[in-house]
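What follows is a group of structures, each given as structure tokens.
Below are two complexes that have subunit A in common, paired first with subunit B and then with subunit C.
Here is the complex of A and B:
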């Protein structure tokens, strides 16, 4: 009986240690999106500058890089030229979209005029689109495949390598 | 001008809860006081994603304000607490729930230590019983005890 109890006890302790160990290597700031593999929440938002309403479904058939950002977010400033350069380089193969939330349109327009842009920037009033995507902070970027499904999420400012590696998943 | 703004507003579309958790299953709340109270109660169950351990009911962050606004709107439309929590969980995962669900790894983290304690108790009780069984009654052959008894009897 003692040996059986000892083995069961050791197995339980091993299971607890394994569960705790699994959490050790994780970045506490990184939260896996439950939306990966699911259809991207649909939206139609107003574009800064043109005032045109852009519906996400318009881009069905090509991968989409959906970047949530704001002008008050310092890391977004660093990321902006990387996104712009990649959008210019990839041209019509991939659609880049910026979604700005918790911001003012005049500030967004001024930011884009100073730093340039290569793709539409949309305004998310009351942050409803950001909430539907599970955005916890900016910048956060979602990669959508040709069928409109979310295949990857990146939290934080991206490098060109980050964009390329995540785009590979979207372009499969 | 108003008509133009109305048309523009109609053109905009934001993700709606109905897309993800279906139509409302409850009764729309119209009383402002009740709506305020329910918004606070449901908001207290949701974690503010940009704060350190604060619920959206307690956080002044703009993200929390937006989320509170959405909770309020959904309650007013007749969504139940379960549907609202489900909607936010769908976007943010279980992380957003301040009271995690009792399933998967979360359940194992609770159950395994309790199981370990239960097994420990079984071991302690069985050991104690064995020790009790091993207690040998004092022998009459012990000269020391015999002398003690003799002295006690004399008293």
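Here is the complex of A and C:
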């Protein structure tokens, strides 16, 4: 038995296995946004339908659910009814906002007419707002507290539970 | 019905592989010829069951049998037939089944090719192979079962991962990679057999080397195809990003390449036995590590399968094989005693040692860089990534050093030499090196590392061609035409040597092409309105408009460009954005116009809302197509070296011998 080989070998093995073991069960796609805990980037965008310009500061004092989506994004279709239902339920306490990313207003309008809406949908013309938030893909949702700080971010379509659990952080 | 049939086949394969592994080890221990015979039978039976199970799955896919769960995950009546066939490896469960299929074919092939030979080692080797087979069939039977029955079959499914559908290279990249990865099981089994038998005889080196070389060829080509795919599909104009999974494919390649070289020293000098065995073990273990990386959900990458529960199972297998390898190596390494020693550092074997050192340091560098984010996150809870700068800073000097060795190593004679002989061997290629640097300088190369690479590249080409040419000349001097000399001297007798120099020539071109293409590329971002012509990268590019195309499985937006040079039309280029129904983001497909000098590459960044303008990136990269060509050359060289020469005589050469006239046993 060559002890040197055994000890060095087992040390390397233990290190590799320990590192990989610690990595198990994590979601590697989950990226902490550097914006968490910081004030949400401001914007003033045109709403679909009314054409009114909506400024984010208007909702100061109320938690905000800011959902980036697009009509060409299939997972957004699945998420839409969940968001609408929650917005109707929580309408008085929480402000939901949709921001449509790289899309055409006519398509958005026909999408909303077919599937219904419960909160303002804003058009992010050149994608500037999405860039300011560091959106990696759609759907992606940011949760803002009463003071306009970002408290949580969710990538991918949300379930009702995802919305509830993240909103709890925003409502504290 | 189909699902049940598949399940039974897999369960039978678990049983056969497990029994076969026990029989193999017992037969090796007791030196029982009857037991060895049974181990072989189990090996064939395992292969047959794996092949049948895979055929059952292909049948289910082709007939759109949605009562099989895997078909409901990746099948779709909307996708073309070729996509349906390759969906076998498009998702986790199917890819593990495909792994089992290739493992079965490899085991059967290796068992057949060694029948009647190496009887003292083979039962242990078959036992090890079937032990691995048992693990993979267990994985298919349990944690990654593709044959689950669906009680209420749907009428249609989503189709496979869009990345797989987006480019034809995806048909061959995964199978090539699997042939490389899975194939490492065979040399691993042979290495374990040598340790269990407490000896590594000279005759056993041949199957070990061949078993290592074949998967090495596949892995070499697979890595290149992956880079090519990234280049053709991902739209950033590069071919290598040090992504965790790219690294995972590179790691076993590095150790296998090192092992192929140390095996030559072992053959010539009778030293480095334990070291070569360690490298062979490491190559296999790194393929399992790579499998863990892609399938455990620990690393984020374009290659990752969706998160799955098989991570812990693979980790247990990895830990078990790692511990078994280390313990067995520690127990037996001293019995594989050296028969010789290295006489001089400035010798061929000295250069082989340096080569091995660089390959191993490179392996550790890439491994640490890949795992570092995990370590930091575990210790500090912070997310970070190790990017290009780290890998480039480490890999560039080591790549240049390897290129230096490709030149200097073969120029040096084996054993001790006089100073005069050394200078005579080393000086002439300097001229060629300087010539290549001068050509590069005239063509505008200013980067210091690129110039260093060009010098070593020229040096290596000179040495490699001289080494290929010398035996031809000697043979022709002894009488015989050029054709005879080439066919008889090089391709028949000196095939191994000749093949390895083809590989060296390919590797030299690859390293030079990587250096030139990564430092000499130009990139321009442009916004064009319809009908507008701009001059970029030496071409006149005209934007002809946008087309929307709907296909059953995707929506495409295509931008049409016509490209002219010096007033003459050259080609049309049509980069596109494909939106698949199941993806969050669209996948761009850039358009590439390749020539041997350079590639023109157009990728869409954005398209104006009125569809009258397009933002594009135009990239001009010199020499990039040489990478693909030269890697194919490396694969070809590997195959040439692999074909067994019937008249090969393997004998340890006790004396140094610079003249490569003895044919077969040299490299």
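Basically, the second predicted complex is superposed on the first by the 146 of 172 C-alpha atoms of A that agree within 3 Å, B and C clash if a C-alpha of one lies under 4 Å from a C-alpha of the other, contacts with A are read in each partner's own complex, and residues count from 1 in each chain.
Simple rule for what comes next: a contact is a pair of C-beta atoms (placed from the backbone, for glycine too) under 8 Å apart; a residue touches a chain by one contact, two chains touch by 3 or more.
Note that the coordinates shown come from a computational prediction; the quantities given were computed from them, not determined experimentally.
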Just subunit B (first), just subunit C (second), both, or neither: which does A:16 touch? both
Touching A:99 in the superposition: subunit B (first), subunit C (second), both, neither? neither
Q. Given the touch rule stated above, what does A:158 touch, subunit B (first), subunit C (second), both, or neither?
A. neither
First (subunit B), second (subunit C), both or neither: which does A:34 touch? first
Ask   = In the superposed arrangement, which partner chain does A:53 touch: subunit B (first), subunit C (second), both, or neither?
value = first
Check the residue A:132 against both partner chains and state whether it touches subunit B (first), subunit C (second), both, or neither.
first
Query: In the superposed arrangement, which partner chain does A:87 touch: subunit B (first), subunit C (second), both, or neither?
result: neither
Message: So in the superposed three-chain picture, is A:42 touching just subunit B, just subunit C, both, or none of them (first/second/both/neither)?
response: first
Contacts of subunit A common to subunit B and subunit C in the A-superposed view 1-2, 5, 9, 12-13, 16, 19, 31-32, 102, 127, 137
The subunit C residues in contact with subunit A across the complex are 274, 289, 292, 296-300, 304, 307, 311-312, 315, 318-319, 322-323, 325-327, 329-331, 333-334, 371, 374-375, 377-378, 383, 555, 579, 581-586, 606, 609
Counting only contacts in the complex, subunit B reaches subunit A at residues 8, 11-15, 19-20, 49-50, 62-63, 66-67, 69-70, 88-93, 95-96, 105, 108-109, 112-113, 115-116, 119-120, 122-123, 126
Contacts from subunit A onto subunit C in the complex sit at residues 1-3, 5-6, 9-10, 12-13, 16-17, 19-29, 31-32, 72-75, 102, 104, 127, 137-139, 156
Subunit B partner, complex, touching residues on subunit A are 1-2, 5, 8-9, 12-13, 15-16, 19, 31-35, 41-46, 53, 55, 101-102, 124-137
